[in-house]
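Have a look at these structures, which come just after this line.
The same chain A turns up in both complexes below, where it pairs with chain B and then with chain C.
Moving on, here comes the complex of A and B:
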C-alpha cells in the first residue's frame, strides 16, 4: 500500500473517508456481502455452522498458496507451476510418510521438494532472465510429466498416522486444522508485507526494479525469496490435500494455479507488480469459494463453478478500473 | 549489465555470430539439429509419411500460433484459445447435424469465434482490462459453458459429410494433409500482412511503444481490438480441424492447448513484452516442438518424458535467447 501511494504520488491527497471509499477492497467486500445475503435468502442453511466451516475449509488450500502468490505477483512475477507442483508434493509426501512413518520427515520432504521447485523457478527467472510466465509453464510441463514418471497411480495411505489424517480432517475446538494453518500462514505473510522492511522492498521491486537495484538492493534475491515462499506454501497445501484425499493423487491440482491467480487478481493485486494486498487476496478467495458453495447449496449445475468466477474476475477488475478513473477525476 | 558484455559490444561480431543474431536462422539451425538427430536414431523418421504426419499435427498449433503471435506482438496475451477450440465445436457440429452443410456449420463457428474475439478485444482495448485477466476469464466462462451444455458428454458428428472428414484425413495430391495446406496458406497470408502491409507495421508499432504509436497517429485501441479478433478467428479454424479429427464436439478438447501454443510462440522468439518477433519464428518454434515430440515417441519414450523434455527445452531456449539479446544490447 505504501508503495502504491508512492507510485501514485501525483494524485491529490484524499480525505480518510475518500481513501476508504477508494479502497479496491471495499468493492470486493460489498460483492462478498451481497453474495452472502443473496445466497442466504435463497438457501437459509448457508449460515449453518457446518456450512460456514465447510466454506472455510475450502478456502484454506487456496488461501495458503495465494498468500505466497500475492507476494510473488507484487514483485511482478507469476508462478503457473503451483498446480502441477501441488500434485507432485502430495505424492512425494505420502511416499515418504509410508516408508518412514514420521509426519515430520514427510512434511520436511514435501517442503524441501516444493521449496526446491520454487528455488528452481526463481533461479531460472532471476539468473537466466526467462519471463516467469514461460519459465513456469516449462516447469509445469516438467512436473506434470515427472509426477507420472514417479507414480502412475495414486500413492495410497499405508502409514495410518493419526497426526497426518488430522492435518486435513482434524479439528481444534470447532475449527478445522487446515483453516488454522491457513490463518497462520496468512498472518505471517500479512505482517511481512505490511509491517516489515522486507515487505516494503517486495513492493518496491515490483513497482520499479531498476530504482531498487540502483539504490543498492539485490532485486534478484527479493524475487527469489518470493518464489521460494510460494513453493513452500505449495508444500504445506500439498500435504493437506493428500491428507484430505487420503492419497497422493498425480492428477490433483489441475487448474489449481488458475484458481489461485484468479483469487489474487480479484483481490486487486496488479499483474504489473508493485500494487496489491493480502487482505484483498483473502477477500478474493472468500468471494470465489462462497460462489462455489452457493452453487452447490442452491443445487445449481456444478459446471457453473467455472463460468461464474470467470464473469466475476472480469467484472471486478472492470469495476476497479472505473473506480480508479473516478478517483483521478 | 556486466562489464564483460559491454566490452564485447566493441568487438566486431564474427560472420557466424552475425548470422546467428538472426532469430530465424538460429531456430532453423535448431530444427535441422533436431531433424538430424532423430533421422539417425529413429527409423523412418525422415520418411515422407512421417514428415507429412507431423506437419498435419503441427497445423493446429501453427494456425492458432499465428493469432497468438500477433496478439503478443501487439503487446497483449490471449490464453482463451484452448477453451475456444472446444467451444466452437458446438455450433459447428450442431449446425452441421441440423443442416448437413459444411459451409453453414463453418460459418456458424466463425461467427461464434468472431463474437468471442470482439468480447476479448473490446474488454482489453476499450474497457482497458489487462488482457491476461480478460482471457483468463473468458477461458473459464467458455470451458464451463461447454461442460454445462454438453453435460460432459461428447456430441458426435452425425452428418459425417465427406468434405468435413476430408479436413482430418484428406491429403492434397495424396501427400500433404489438407490441414497443413490450410496452415501454410494462412501463415503465408498473415506473414505477408505483418511484414509488408501498413496494418502489420501498426501492430509492431503499437506493441513496441504504445505512446509513440499513438503520437504517430495510429489508433492503438483499434489495432489491439482487431488483433484479438484475428486470434479468435484463427483459433476457430484450428477448432474446426480438431473437431473434424475427433469427429465430435468434446468438452475436454484443447485442454492446455493455450500453454502449448504460448510455449511454441515464445520459443520462436516472439516477445511477451510486445513489438518483437515474427510469424516465421513462431512457425519454426512450433515445428521444433512437434518434431521433437514425434522423434521422442519414435525413440519409444513415454509421453511423460516428452513433457519433461519439452519443458526443459522451452526454458533452455528462452534462456539462451535472453542471454544472446543481452549480449547484443550490451546490457
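Moving on, here comes the complex of A and C:
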C-alpha cells in the first residue's frame, strides 16, 4: 500500500530498452562473464572448442525443457514432474523405436506420452483446482514408480538407426544436433512470448487470472496450453537423452526438474507469475552449466556440482530483491 | 504485566496543558520522494483528532513514523512533554502509542485473549502462563470499552469489526495514551461503524488521544473534534471541526475548489433496451431479480452491505454461475457463467476490487489497457505494438491518465488513474453495457469527479451503465433511475425524480 502511495510520483522506470534487458539480466550476464573469466584464468582449456561444444550440449537438454517451463511459470504454475517424465519418456520412446524401427513413431510416442503427462497435470490443476506444486509432485511420484512397472531395467537400443544416434550425438557442421533443436525451440518460445497475443495472454494470466477471465478470455485454457507445451518439451528432451545414453534409463532425470526450475528462477522469472523472460532463462541455463563445467575442469569435488548452484540461486535471488528495492523506492 | 491498566490515569492526573503527543518538524524522504516535509502534529488527551488527505498526502507515512515502522529523518517526538526516541514498533508501544492498521495485525490462529497479551503473558508459579487470569483480564478490558468479544474465540473466525475491538483492547492492555485508527471503517457495515464510534468516544472519555485517519468526510464530521489536513507531504491546516464545511475540507485536501461534483452533460436516455435481466437467481444470494437497462442511461443499484449488488454484477456479466433466469444483451441471450460470450455480446464489469480482479499490477499501463481488445491489434496472432500503443496513448490523453509513460507498471499509478485505465480497457473493446461496481472505492475526492464525468460520458455515448454503489450522493448525483436491493432481492425501482434518500433507505432495509 505504502509503496504505491509513494511511487506514483517517482520517475518512469521501464523504457522499452529496460524491458528488453531488465537489469536482473544484466546482473546475470555479469555473473556469467565473471565466471567465464575466472574459470579460464584457472584452466585455459575452458575456452577450447571441444569444451565450449560440450557446455552447449549440456545446456541443450535443460534449455529445451526450461523454455516450456518459463512459459508455465509465467502463468504462475509450475511442473515438478519433468524429471520423472524425462526418464519415462526415454524408456517409452526407446521401446517403441525397438519394436517399430521408425524414428518418427518413436518420437511420436515420446511426444504423445510427455504431452499427455502435461495435459494430465494441466487438467488436475485447472479442473480439480489442485495447487500445481502438489499436483505435479503427485505426478512425479506416479511416474517415478510407474516407470518401474513399465521396465525394471534400462531399455537397450536394439535398432541401429543412424538418425536416432544423430539425435543426441550428431552434428550439423560444427554444431551438435541437440543444440540446434534447443535453439529452434528457444526461438519459437521466445517469439511467442514476446510478439504474439498468446504470449501476452500468458503473462496476463500469471499477473491476474481473474482480470483475464473478466476480460472474456479463457484463463484455464491458457494454463492448460502452458502445461502441454512443457510436456512436449520434455518429450523432445527425453528422446535426445535416450539417444545420448543409447538406452532408455528409468533412473535418468533425477533432480532434472530442480535444475530446470533453478535456471528459470535464476533468469528472473517470478514464481508468482506475470514476470519473466526467456532470455533470462537462457542466461540462467548458461550460468548453471558453466559452473558445472568449471567444477569438472578444475578438478574439484563433483559433489560441489549441486552445492555451488544452490548458493548461486540464493545469491542471485537476493541480488534481485535488492535491485527491486532500489527501484521501487 | 500488572493489572494497573484497569485503573488508568490514577495518580497521574491528566494534564491538559501538555499535549499527549507532539510531533514537530517531521521530515521523511524516500529516494526520489519527499513523503513528509516539516510536518507538525499535536494531539490532546481525550480528544479525537482526524487526519485527512488524499492518497500520497503523507497520512500513512506519518502514522507509520508514530508506530515506529519508519524512522524519521528530522524532527522531534514528545510524549506528554518528554522527548522520546521511537526506533521500532516495540518502542512505540512502550511509549504508549498504539496504531490499529487497516490491515489488522493479529495472529488469526490464536485466541482473542492470547492476542491481547501477546507481548507479555501474565505468569503464575514456575513461569507457567496463567490462562485464567488472561481470560479474566481480557473480559475486563472489553468491559471498559463497552464491547464484548469472547476472549476464548479464535481471532481469525471473528469479523473485522470485532478484530478491531481486540486491537483496541490491546491498546488498553498496554496503557496506551495515543490510539491511531487507520481507515477503520473501510470494511464495516453501517451498524458496525456506529458501534465503533461509540467505542472510540469511550476511549476519548478515558483520556486517550485518538487519531482518526480517514478520507470520508461524513465520518469525520460525525466523530472528530479537530481535523488536520496534509497534502503532498505538507501540513495544510489544523482546525476545530466546527470551523469546517464540506467545501473547505475538500479544498484543503485537494488544493482547489470543486464546483460541481456531478457534472451532467449527457442528454436524456434513449428507449432502446440494452440489457434485460429476467428472474435471475443464484445459489447463494440473488433471488428472482428482473430489470432492464436502456442505452444511454445510468441505472444505479443501491443496497446495504450484503444486499447482493456485487453478486448481481458478477452474475450478469457471466463471471459467476446462476441457478435460473435469463440475461439478454442487445437482443442476444448470454450464456451464463461464460465471460467470453458476455464480452462478445458487449457486456463487461468494472470491478469493485481493482487490485485482485482488475489490475495486472506488475504489468505496464498499456498492457493493462489493451487486455480485452488485444485481438484487434493482432495480425496472424502477432501484436502490432505500434498500433496498440497509439490506441492506448489516445485514451491516456483523452482521459487525462497521469502516468509517466505507457510502460509504467500500473501498480504505481494512483487509484483514480488505475480506474481510468480499467475504463479504457472496456472502451477499447467497445461495449454496449458496462457494469460498474463501486466505481470510486479507494479513489481521492479530486479524482472522483473525473470518474463521475467519465461515467456520464459513457452513458452520453450510448452505453447502458449499470452502477452498483453504497454511496448515496453518488447514486442520486449520477443515476437516471434507482434500483434498490435487499438481501438478494430487488425491492424497488424508481425514477430519479421520485427517488428520495428516505424512500431508498426504506427499500434497502426491506
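Here is the rule we go by: the second predicted complex is superposed on the first by the 307 of 329 C-alpha atoms of A that agree within 3 Å, B and C clash if a C-alpha of one lies under 4 Å from a C-alpha of the other, contacts with A are read in each partner's own complex, and residues count from 1 in each chain.
One rule holds in what follows: a contact is a pair of C-beta atoms (placed from the backbone, for glycine too) under 8 Å apart; a residue touches a chain by one contact, two chains touch by 3 or more.
A quick note: this is a predicted structure, and the numbers were derived from the prediction, not measured.
Asks: Taking the superposition on A as described, I'd like to know which of chain B and chain C A:42 touches: first, second, both or neither.
Replies: It touches nothing on chain B or chain C.
Asks: Classify the contacts of A:318 with the two partner chains as first (chain B alone), second (chain C alone), both, or neither.
Replies: The first partner, chain B, only.
Asks: Considering only touches as defined above, state whether A:198 meets chain B (first), chain C (second), both or neither.
Replies: Touch status of A:198: second partner only.
Asks: Looking at the overlay, what does A:130 touch: chain B (first), chain C (second), both, or neither?
Replies: first
Asks: Identify the partner contact of A:141: answer first if only chain B is touched, second if only chain C is, both if each is, neither if none is.
Replies: In the superposed model, A:141 contacts chain B only, not chain C.
Asks: Going by the contact rule set out at the top, does A:207 touch chain B (first), chain C (second), both, or neither?
Replies: After superposition on chain A, A:207 lies in contact with chain C alone.
Asks: Now for A:184: first (chain B), second (chain C), both, or neither, which partner does it touch?
Replies: neither
Asks: Please give the residue numbers of chain C that touch chain A in the complex, ascending.
Replies: Checking each residue of chain C against chain A gives 30-33, 35, 55-56, 60-61, 64, 102-103, 317, 319, 339-340, 342-344, 348-349, 351, 356-364, 367, 371-372, 374-375, 378, 381-383, 402, 404-405, 407-409, 411-414, 417, 425, 429.
Asks: In their complex, what parts of chain A are in touch with chain B?
Replies: 80, 124, 128-131, 133-135, 137-142, 144-146, 148-149, 258, 261-262, 265, 271-272, 301, 303-311, 313-314, 317-318, 321
Asks: Under the stated contact criterion, what part of chain A meets chain C in this complex?
Replies: Those residues of chain A that touch chain C are 1-2, 4-16, 18-19, 195-198, 200-201, 203-204, 207-208, 210-218, 270, 274-275, 326, 329.
Asks: Using the touch definition up top, name the residues of chain B that touch chain A in the complex.
Replies: Answer in residue numbers: 123, 127-130, 132-134, 136-141, 143-145, 147-148, 152, 259, 262-263, 266, 272, 302-312, 314-315, 318-319, 322-323, 326.
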